[in-house]
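As written, the chains take the letters A, B, C and D, and residue 1 is the first residue of each chain.
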Amino acid sequence: MPHFEISESPIDVARLRELLLGTGAGAYASFEGWVRDRNDGRAVQALTYESYRTLAEAEGAAILAEAHTRFDIQQAACVHRVGRLALGELAVWVGVSAAHRGPAFDACRWIIDEVKSRVPIWKHEHYAEGGQQWLHPSPQEDGR
Amino acid sequence: MPHFEISESPIDVARLRELLLGTGAGAYASFEGWVRDRNDGRAVQALTYESYRTLAEAEGAAILAEAHTRFDIQQAACVHRVGRLALGELAVWVGVSAAHRGPAFDACRWIIDEVKSRVPIWKHEHYAEGGQQWLHPSPQEDGR
Amino acid sequence: MSVTVLYFASLRDAAGVDSEVLDLPASLAGLYESLRARHGFALGREKLRVAVDGAFANWTDPVADGAEIAFIPPVSGG
Amino acid sequence: MSVTVLYFASLRDAAGVDSEVLDLPASLAGLYESLRARHGFALGREKLRVAVDGAFANWTDPVADGAEIAFIPPVSGG
């Protein structure tokens, strides 16, 4: 069952990982995006994520469903944090289980790429040197 | 500091993940290989991993060191379990942190591929239908 | 005959409100252009997507009375 | 003048021991062939690697007195 969630509280990786466990799965790949202390050469002091929740949850669920059609996987899940995050906090988590490692890695990477390009979530950065901005990157400047 | 370990006790993923945390890292990719209830169409009842420990630890450390020269990553670690494992138990874990997700995924996948092909660890399977064997696969039949 | 428009991220900062209720517009594209002129949105329409009633839509879709419309600036999750 | 040979996985099962101390052999390749004949190892030498004193070695490397030699069958970790 695809599981995509927008979360206002800290992401509980241990609990999510348990969701994907099963004796039939031989491989599990996961990705975590953490709040960095720098972005594009500027020191980041604080960071807020905002989402259009209804659409974000629908789009996230669609991405997970599509991952199941594209890759030979068993389970896939993704949680994205919103609200104000501290440096070093977990912003997004993706986990995929599969019989073999190839599809687990491929699907995990595809999901995070799609989430970053399609799901209506926006990052707002406050800089140590002063200033702040919403990030609205062009597709080619997503720093993958 | 590269960290490769052969472990006779269960792998503590939460502790290992903590080792790789740091405010400078934006991305973390991990892989876990679990004991499957089937292999090659046969029901597996029990499984034992054995290693030539001295050489396995040296080769594992060499793989992690090489990963640092090949990929733009911050930290990489790998632990492989040995001894008798139950179905669904964790056999191997790889974790990589990096500034960006591309190198984190690439290095994580490269490390598990290298560990599976180079590190002197052998799997022994007991089958539900009877019979048992050491697995000595040819390079092309590793089920990736 | 009205619609509700939702604003997010830099559009909300520029509009100064989360949402507003407006007269039913002739088109989604025309609505964005008029709001861009009024609120001074920096982003051109070609950089945005549009959503209606919680689902992505096309700029040429007709607009129904009571619709909830959101303009989606380039996203930056992850 | 002797060496210690370590056995792992299917080689250990076939040899029936973890290790044995043997007279210093003329070559690593010759040592494996004689042990293969004696213990009935199924794997041909071309499928194996050889390690000396805890590091991978070449089949043509000279063998020193007291060396610890291991024949490494195809691995199956992960």
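The rule is short, and it goes like this: a residue touches a chain if its C-beta (ideal position, glycine included) is under 8 Å from a C-beta of that chain, and two chains touch if they have at least 3 such contacts.
These numbers come from a predicted model, not from an experiment.
Common neighbours of chain A and chain D under the contact rule above are B. The distance from the centre of chain A to the centre of chain C, with each centre set as the mean of the Cα atoms, comes to 25 Å.
We define each chain's centre as the mean of its Cα atoms; on that basis chain B and chain C are separated by 49 Å.
Residue numbers of chain C whose C-beta contacts span two or more other chains: none are found.
For chain B, residues touching at least two other chains, in rising order: 33, 112.
Pairwise, the chains that make contact are A-B, A-C, B-D.
Only residues 6, 8-10, 13, 43, 47, 51, 54-56, 70, 72-78 of chain D touch chain B when the two sit together in their complex.
By the touch criterion stated above, chain B contacts chain A in their complex at residues 13-14, 17, 21-38, 87-88, 99-102, 104-105, 108-109, 112, 143-144. The residues of chain A lying in touch with chain C in their complex are 33, 49-52, 54-55, 58-59, 80, 91-92, 112, 115-124, 133-139.
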